[in-house]
Structures are given as structure tokens and as C-alpha cells.
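After this come two complexes, each holding chain A, first together with chain B and then together with chain C.
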Partner chain A sequence: MSAQQPSPDFLKIKKAYRHFVTPEGGTVRALDGIDLSVASNEFITLLGPSGCGKTTLLNIIAGFERLDRGEILLAGASLLESPPHRRPVNTVFQSYALFPHLNIGDNVGYGLDVAGVAKKERNQRVAEALEMVGLSGVEKRKPSQLSGGQQQRVALARAIINRPKMLLLDEPLSALDRNLRGKMQIELKNLQAELGICFLFVTHDQEEALTMSDRIVVLNQGKVEQLGTPDEVYHRPASRFVTEFIGESNIFSGTVVESGGQLARVNVGGTEVVCSNHSLRAGDEVSLLLRPEHFQLKPADQVNGTNGISAVLEQSVFIGRDHQLHCRMANGQPLSALIRSSLSGLKPGQALTLEYDPTAWHVIPGASGVGTAQ
Partner chain B sequence: MRSFTSQQKQLLLLLSPATLFLGIFFLGPLLIMAVYSFLEPGLYGGVEWNFYHWNYGRVLGWADGFYEEFDIVYLQILLRSAGLALVTVLVTLAFCYPVAFWISRMQSRWKSFCIFLIALPFFSSMIIRLYAWILILRDSGFANQILMSLGIISEPLDLMYSGTAVIIGMVYIFIPFMFLPVYSSVENLDPKLIKASQDLGATPFTTFRRVIFPMTLPGVVSGCILVFIPALGNFVVPAMLGGAKVVMIGNLVEQQFLAARNWPFGATLSMVMIVFMLLVVSVYLIRAMKNPQHS
Partner chain C sequence: MRKVFNHLLSGYGALFFIFLYAPVLLLIAYSFNSNPVNVMIWKDFTFDWYINLFGGTTSLKDDSAYVESTDQLLAALRVSLTVAAFATVISTVLGTSVAVALARYRFKLQGFYRVLLMIPMVMPDIVLGIALLIFFVGVGVNLGVTSIVIGHCTFLTSYVFLVVSARLAGMNPLIESASADLGASEWQTFRRVTLPLILPGVIGGALLSFIISMDDLVITYFISGVNSTTLPVFIMSMIRRGVKPEINAIATMMLVVSVLIASAGIYFRSRKTDS
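Showing the complex of A and B:
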């Protein structure tokens, strides 16, 4: 496939609304005014808990569901008027949806067969597509004779054989075991780079999203919570929801006590924390976030000034390279820290001082953390 | 002597009631029928124990040497019965296939209700239900009254005692036999497969031809067999709704045993019918054995 100049507005979703009525009579807003622009060569992930609207959006792009209001443009042309079989997008389904009555060759070649591609070219392209997903020579077998991972590859080959402008992937890795999933994540990313087309990937697995995506769209209750690169979403979450959904985090609500120069002091339920000053003023309500891995365990006498939090260790869990420490601060709030494991022999009930870098705190104005990050 | 493991012994024990029952009440009568079909008819019913091949000759049209000229009337009746059974199969299929899709898309409580409705006729006697059809179809029946009061016809249609009445009755009787297997294969069809087909560029018609129909074919074939075989041998519906005008092979067998008291010839007609059915079904069985995942 030729690498054309990527267009930044390849897929454009404008003010998309879609609601469902539940059997109980309630209303669920699956899409509540979504605006999104996706580039033509981008690996973009829709991430969110179940019911956040991510699968609905994918189904609408594929043509299996309609939009209440709004517009979706693909390469400048509206998608919404064409039926699913005329849209230049293909889908990899969650449960693969391979045709059980057809062999692998006929499954992969289905798109070419219904388009009336000549036998010779069809067979060649089937072989190419299977080779691309690392599964040559299985044309004569039936889907039921393949393992889950192999079926996954067949589904992928079947979806790319029509040379779609965009590939939609609906939690395609969720049925695979952990090791295979990790391997497929990298293969998918490589395949996307090789094809040079846009992959729209839907998942509820934040790790998967962070591993593969160029950009992540975090969805919650039909709204975009944050749109950013994996780094941005992880280190600069836009809201408390994003923080809680992606990775583990310590979240504290507090009031600014004093701010001046580079740093600000915040009172978190009696404990003072020093963080970077994002034009805060004394009396402001803020939410403070710190990832567990940004704490360091230091002997009490080596802590530099006030950049430490005293806490009592409640439980220490060995998770391989690291120890996860579940602690409780003096004000009673829980605190989680991840430190490099050693034979130090920490015991529950032990008093610790956890040191942090003041610039590592992520500050969200407002106690509830709904505001925008600065 | 080979010894059985305890598991095999358990299995034998569990299967023995079914084996005994089928052995006594299915294979036994079948064997008696096969033997009788080669015996000479007794003068007042029953059989004479002499080998007699004219029974089969008579079915195929040859005169039996005593009573008849060469006449293929029995083969004609068999073929006409097969034709009526085939029409019944096609009409029930045309009715059940779309309805099965419609019901499978409903919410689950409506689904159960509709399946209950389909099975509801089984709750009353078939004879009573066929009498109801007589009330509907006869000259002064509901069908004619409604059509006349609407001004569609001016004189009553001659519906009763015709091939049409027999087909209406058979379709009515056999709809559940077609519906249930067809519905179960439609219900098991994964909607994602239909989506996948559309997604890959297939039009709705191509999706039907390449995915929906092949995937539901096993249910359709089961339904066709379940309707065709009893419809072919049915004698109650033609007797009640067809009168003397529509004689099917089932009526013929009944007449031979009960009216003509020619047991060997009745047995022969039954054997010919069984062989005919086996030929029809074996076409499907051979296909199913070649493609195991279809059955």
C-alpha cells in the first residue's frame, strides 16, 4: 500500500448523538455530543467502561446502527446515507464471527467473492492476506479446527482483504489469554503501520490502549473525557474519571494554603503536600493526583525538607519486580505506593516516610476533579 | 469372550429399555409386515402361508392373474400422494421460514408466547380440529360466508372434498413440525455473521444466499423430512376433507386392511411406501454424512 500524505481530518465526527430506551423505560445516552477527528494513518483507541458508548460509535461507523443527530464524514463524504455493505470500512468482531460453514480460504476470500473478483487474483490475495497475519497454508481448514488465536488472525485477514480505508476493531483481543494478547497487540500495531490505514480500536482494557494507540479517546457516559496520546492520558489525565480509569492513582482533595514561586502548599485533610504551582491561589480547592510509582521509600532522616508523607504500612504485596504498599496516612486516607522490591523486610504497622518529587503531582482545579487539567 | 467395563455395563443397562421397546414394537411389526407382503391373501382376511409375489406385481401395475388388467393406478396414487406431501412441505416452509425470523427477533417473553401459540393446537384432538375445518370450508361455511358478504364471490366456492381442502388441512396439521426445527436453526444463527457478511460488502440478498440460507439449511431439511414423511402416509386428513375424491396412499392401505381385508396387499403397499421414503431421505443422509458439520 502506498503511503500517501496522511490527512488529519480523515474521519470526522460532528456532534454525534444517540440514545437508547432501556426495557425499564429509562434513557441511556450512548453518544452525547461526540466530536472527533481522526487522521488517515492513525491507530486510535476508544477506551471506556462498558456502557460508555464506544461500541455504539463503532457500530454507527460500520453502519449497523443509526445516529439520532450529527454527521460522520469519511474522507470528506458522509457515511450515514450508505448501507453497511457500501461503506469503505471493515470490522474485526469481538467473537470473530467467522462463517462456520466455510473454510478459512472462503472466509478470508468472502469479501472478494461477493465483489466478483476473478478466481486467480482472489486466491492470490487470500494467500497474501493470510501471510500478512502469519497464518499461511490453512485455506482448506474449517474455523472450528483452529485455536482462538488463529481464528483471530483469520478474522483480521478477512477484514483487511477488501483494502478498507479504515479498520474497525471491536475488542478483538478480549478472548485471548494474557501472553497471546501481548503478542497480538504488537502484531496489530505493526500491521497498522504496514497497511498505513486508520485503525479504530475499541477496548475497555486501559493497558491495551496504552500499548498500541497513537491517540486514545477516553469515553464516559457518551462524552469524550479526554483525547490524547497515551503519555498525556496517563501522566496528565484531564479529569478524575480518567485518572481512576487509567492505571492506579492516589487522588487527594485539598485546599491551597500558600502559593508562591514554583511551588504551592496544599492542605490535604491535615497533611501538607507540596506541588508545582499552576497559578493557584490560597483558598483554591484542588484535586491532587500521584501515581504509586512516583513515591520513593526513604529512611525518615534522609527526607529532603517537606517533600515526604508519613504513613503507616498496612500491607505489602509482592508483585514481582515491585512491591505494592498499601498505607494509611495520618489523616486516615489510604495511600498506595509502588517501590522496587528488596529484601528490606517491611512489616505491617511500620511507620514509613514516602518521598515524592513536587513536580510529579498532577493538579486538577476543583475538589471533584471534573475541571480541565492545566 | 470380551468383558465390559463397568461404564459400558451401565450404558447397556440404561439403553436396554429403549432397545427392548423398539425391538418389540417397531422392528417386530415391520418384520411381520415384510413377511405378510410375500404371502397370499386369505379369502376372508388373514393370510395363506404360501409365497406369493403378485402383491408387488399389482402395485407396479401388472394384473394379479385373477382380478385385474394391467393398470398403474397404485403407482399413480403413490405419486399423487408424494405430490400432495411435497406441496404441503413447500407451503409450510414458505409460511414458517419468515415467521421464524420474525419471532426470533422478538423480546424473549413474546418469543415464548408465540412458540406456545404454535404448539397450542396439540392441546386438542386432531379430529376435532379437522371438523372445525369442515365447518370453515363447506359450502355454507365461514370461508364462503365471509367471501360472499364481502362481495368477492357471488356463489359459494366448492372448497370441501378437493385436493385444495386436503392441502389446507395438511398444512394446518403439519405447521408445528416445520416450524420448530426451522425456528431452532434460525434462533441459533449468530446475528454477528449477518453483520460480518454485510460488513464485507455483501448485499442483503447475497448475505441470504451465502450465509443465512446455508446456515439454516439443516433446520429446513429436518423440517421438510418431518413434514414430508407423515404427510405422505397421512390418511385422516384426506378421509375427512378429501372425501372419496382424493385417495392417498394412506387411505389405500387403510382400505386394504379394514374394508377389502386383503392384508398382504396392504402390507405390500406399506412396504413400497417405506422404500420410497427411505430413498427420499437417503439423499439427505448421504449428503449429511459427507458434510458432518451440516447435520
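Showing the complex of A and C:
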């Protein structure tokens, strides 16, 4: 829409804190020192488990909640002093929150009506907005006469009609069924590109976050665990929390036995694993992560010995193209691997050797896995 | 066995409703009884009591009716309607405002205010009546239409508050947030979103107030002046001179009007917002 140069610090959140007192008298730190910069044309996703503070952060940007301390700047100006109706951001609510007494046309045109836009322009922009979300010709219907997916589109059209500088979306797709959700994910992404504005999107669904985002902010208990592109967050998770939250992963704690040159050997409860050496020293505690798809299954006579883990197959599940193997290592720890279906014909109880590329291991110092990845 | 039980249950249900409505039905029936001396002995069917009330000429002897002149009755009705109209408007505005305030804003002693608003409804009428009388006399307000209106507002506000609060509690607060988010000021949000959504409750509360105001006897009895008798107080004073069939006719008409207003109230309260 605009040919302006995107600004990297369009939205700036500085040391944002917000706590709540629970009815039992305890304290919840909904935002615990959030720092964040968002570019003006970015699709950025807040990802985290339920209760990690995602909605609170959106509410503070929209003006429905206040900060304990901290600052939020939009295009260089503080947002915190303006009431919600004077902020140049619009929200798509989780439950849609359409006006039940107004028809679709009046729902979408609401922002223009309160601003006193002339009727002709108003009607034209309503039609445009509805067309953008692929929902023309329903102006006269009431929200209750539309399906969930259609209501979702109305909520979207209503939120973009004021031409906000930034759109806040709070789990907008969580109420839709799987197929529709996939379709809407693509449409939302296209809409964002078309409008050229910043989308701040909230979800607790890691798959959704990975598909849609330019960057992902992983939140945990009011703190930013990691900020990065989907690729970074998936392949180089910054902490054990991120690893466990994003995708399935094998996570082992172990002690470095020997390091030298390119590789290090780590003892994981009796099983030895070889990984790349990130200036590790013998005796260091580390967490090792490997995605299931990074294991390969070789016929028993082709294993070269060092870069394989022996395990016993417990269960093999066919999931479309691949088989998911649930195995158990000699030390009793579970291990999961994704194997091409052509290699199937495996039986539970069978002994396997699963090979890996040592450089595929993601190493996080410290047994608990908190800390920065190398 | 099961069948017998079901029959017994239906019978019990029928008896229950007879118990509830028999007196009222009897009253309506006897308002058409032409026996001027003994109300409970049926003589003939007649409209005379109604005609007499409206000042028409009938075959009734003069002393068989209480109402010396229809003017008196109409004057009492006029006072009742005036009081009900003013009290309804004032208490609807007050009750709605306080319900919105308590539902939408957070402040200290909120629960306590809520209780304070409920108390006038459970307070014995006689206590409220005497208290208001002492208050008006003490402050120097002349008893009349004004004092009755003020008095009625003290408890009608509670009823409106209750009905509107129930409506507000069923409303998704995010809808108001959405309105603000789209650029509406607080007043615009109230006008365009909150009020239309609670309107059925507001109208229902207003109609309820109107009936209760028209119907109130005890409190009004204490705070009505000599020249400002309401209909219930007027009827009460008639009955002191013995029960005559005419009273049945007045009661029947009041009943019809009340039922109409109450039905309208129930209709508005239960009406879906999006229909």
C-alpha cells in the first residue's frame, strides 16, 4: 500500500512489566521485563503456552491494560498516554467480539461511522474491506447468521478498515477447524503482504507460528525465551524450553567425556554420543537436542559404529510419508525417530542402530538447558 | 404404577394452579354480579358496576356504590399515573447508570454498594414508609405528588438496577473493548453498543417499575398528602366502608392493565438482542 521504507524500530517495547494479583493472593508476573522491536512491515508472532502473557501484551499495546513500568513506542511516540480509541492500532479478538445487534455492513463500517466518514466513501470502503477478506455480499446479514470462519473474516475486515499502522491478532484461528485454519493462515499472510503493515499475531500453536511468521517471539512466564526467524527457532532453539515447545525433539542431558578438534564425545547415561565441539571441556554438563528427522536407519551390517545409537523399537506409527519410531535406548531413555516409510517392515522388540550426523546435534551448555545456545 | 404416579402428578399440578388463580378468577366473575348487598351471592349478570364507575346511568340505587363521583376515582388514577411516569423515568435512568458503573468500572467497596442497592427491595414496606415520612417531615417537604415520586424512586431504582445488571452480566465485555479499539469514545461506545444491547433490560426494568409504582399501597399510604391520593390508597379507603361489588370491577380493570404491562416487560426482558 505505501512505498515507504520499512522502519526496523516501528514498535519498541522497553522493559515492560505487568503483574496481577490472583484471587488466592498470589502474584502472577504476566510480563516480566519484555524488550522487543518490531519492524513496520513485519509478520511477527508471539508464541507461548497458555498463560504466558500473550494476551496481556496485546491488551497493553491496544490500551485495555496498563503497564506497571516500562515504555511502548510506536513510530517513535509513546503509546501509553493515549486511550484505546486514539491508538493507531486495531485488534482482531480471539472470540471475534462482533457487535451482535449490528449487521455485517455496520459491523465492518463501525470504525468509519464513529469517525464520521461520509456515507458514500464509507459504503465503498466497507465493500472493499469485505472483498479483501473474500466475503462480499453479506452486508445485510447478522453475525449470528454466519459460520465461524465467516465471522472471523468479518472481524478481520472490521479491524483493517481504519487502515491501522499495526494489526493485533489474538489467536484468531484457534476456533476454526483444521482445514479452514490452514487456508486462513495463507490468506492472512497474503493480506499482510498486501497491506504492507505490521501484524502482531498471537498463537499457542507452534506449527502455525512456524508457517506464518517472519519472526517468532517465544514467550515463557512473561519473559522472552527467544526471538528469531522460524528457521532459527526451530533449528537453533535458545533453550530447552524452546526446544520442548517447538516441534518434537530428543533432548538428552550428559557430561562431556572428551573434546578435541571438531568433535566432542558426551556420555548420556552410559550411551556415548558424538557432537560438534563448541569449545566444550571434559566434565562440562550439556543438553543435547536432535530432531527425530535427523536420525537415519541403516541396515545392521552397514553401521560404521561411532555415529549411531543402539535402541530397541517399541512402537512404529505410520504418519503419511514417514514412520515415527518410538524406541528405547540401552540406558532406558526414550528416543524418537522419523524414518522413510520405504524402510518399514520393522517389528517391536527389534534392535536398531540409529545413525546421525554429529554436526546436527544442537548443544546447550548446562544440564537444565537454560542458557544460550552456541 | 408409573402411570398412576404420572396422573397424580398432573392432578397436583392442576390443583396448584387452581390454588393460585381461583381467587382472581372469582373476583373477575363477581365483578359482573348484580347483587348489590351481598357480594358473594350470585344474582344476575350485569355490566352495571363498570358503567357506574365511568359515570354512566344505571339501575343501581345510589347507596349501593361507593364512588360518589367518577371524578374522585379519575383524580386518584391521574395521581397514580403521574407518579408512576415520573418515578419510572427517574429510577430507570438512575438504576441503569449505577448498574453500568458497577459492572464496568473497578473501585473500592464495590460489593458493598451492590448490597446497599439491594436492601430497599427486602426492607419491610412499613419501615421504608415510616422512614420516608419522618424524613419528609423533618426536611420540610410537603406531602404530595413530589414526595410520592421521591419515595417510589428509592426502591424502584433497585428493581431497575437488578434487571439491567442481569443483562449486563450476560454481555461479552470484549464487545465494548472492540468498540473502543475501532475509535469510539466512551460515550459513543455507550450509545452505539452498550445501550442497544442492554435496552431490553432497560425497558423491562422500566415496565416493572411502572407496575410496582402503580400498585404500591403501604409506602404510598404514609407519604401521600390529602390531595394526592393514589388509586390503591383510594381503593383502600373505600373498603373501610364495606366490600361492595364495585370494588371487583375496579380490581378487574387494574388486573387487566397490570397483566398487559407485565407481559410487555417479560417480552422485552427475554428478547434476544439479535432478533
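As a convention for this text, the second predicted complex is superposed on the first by the 372 of 374 C-alpha atoms of A that agree within 3 Å, B and C clash if a C-alpha of one lies under 4 Å from a C-alpha of the other, contacts with A are read in each partner's own complex, and residues count from 1 in each chain.
Keep in mind that, in the parts below, a contact is a pair of C-beta atoms (placed from the backbone, for glycine too) under 8 Å apart; a residue touches a chain by one contact, two chains touch by 3 or more.
Treat the numbers as computed from the prediction; the structure is a model and nothing was measured.
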Clash-or-fit label for the pair chain B, chain C on chain A: clash
Which of chain B and chain C A:115 touches, first, second, both or neither: both
Which of chain B and chain C A:162 touches, first, second, both or neither: both
Touched partner set for A:66, first chain B, second chain C, both or neither: neither
Chain B and chain C footprints on chain A, overlapping residues: 62-64, 83-86, 89-91, 93, 95, 97-101, 110-111, 113-115, 142, 144, 158-159, 162
Parts of chain A lying in touch with chain B, wherever the complex brings them together: 23, 62-64, 83-86, 89-91, 93, 95, 97-101, 110-111, 113-115, 142, 144, 158-159, 162
Of all residues in chain B, those that touch chain A in their complex: 107, 190, 192-193, 195-204, 206, 210-211, 214-215, 293-294
Touching residues (chain side chain C, partner chain A) in the complex: 172, 174-175, 177-185, 188, 192-193, 196-197, 273-274
Of all residues in chain A, those that touch chain C in their complex: 62-64, 83-86, 89-91, 93, 95, 97-101, 110-111, 113-115, 142-144, 158-159, 162
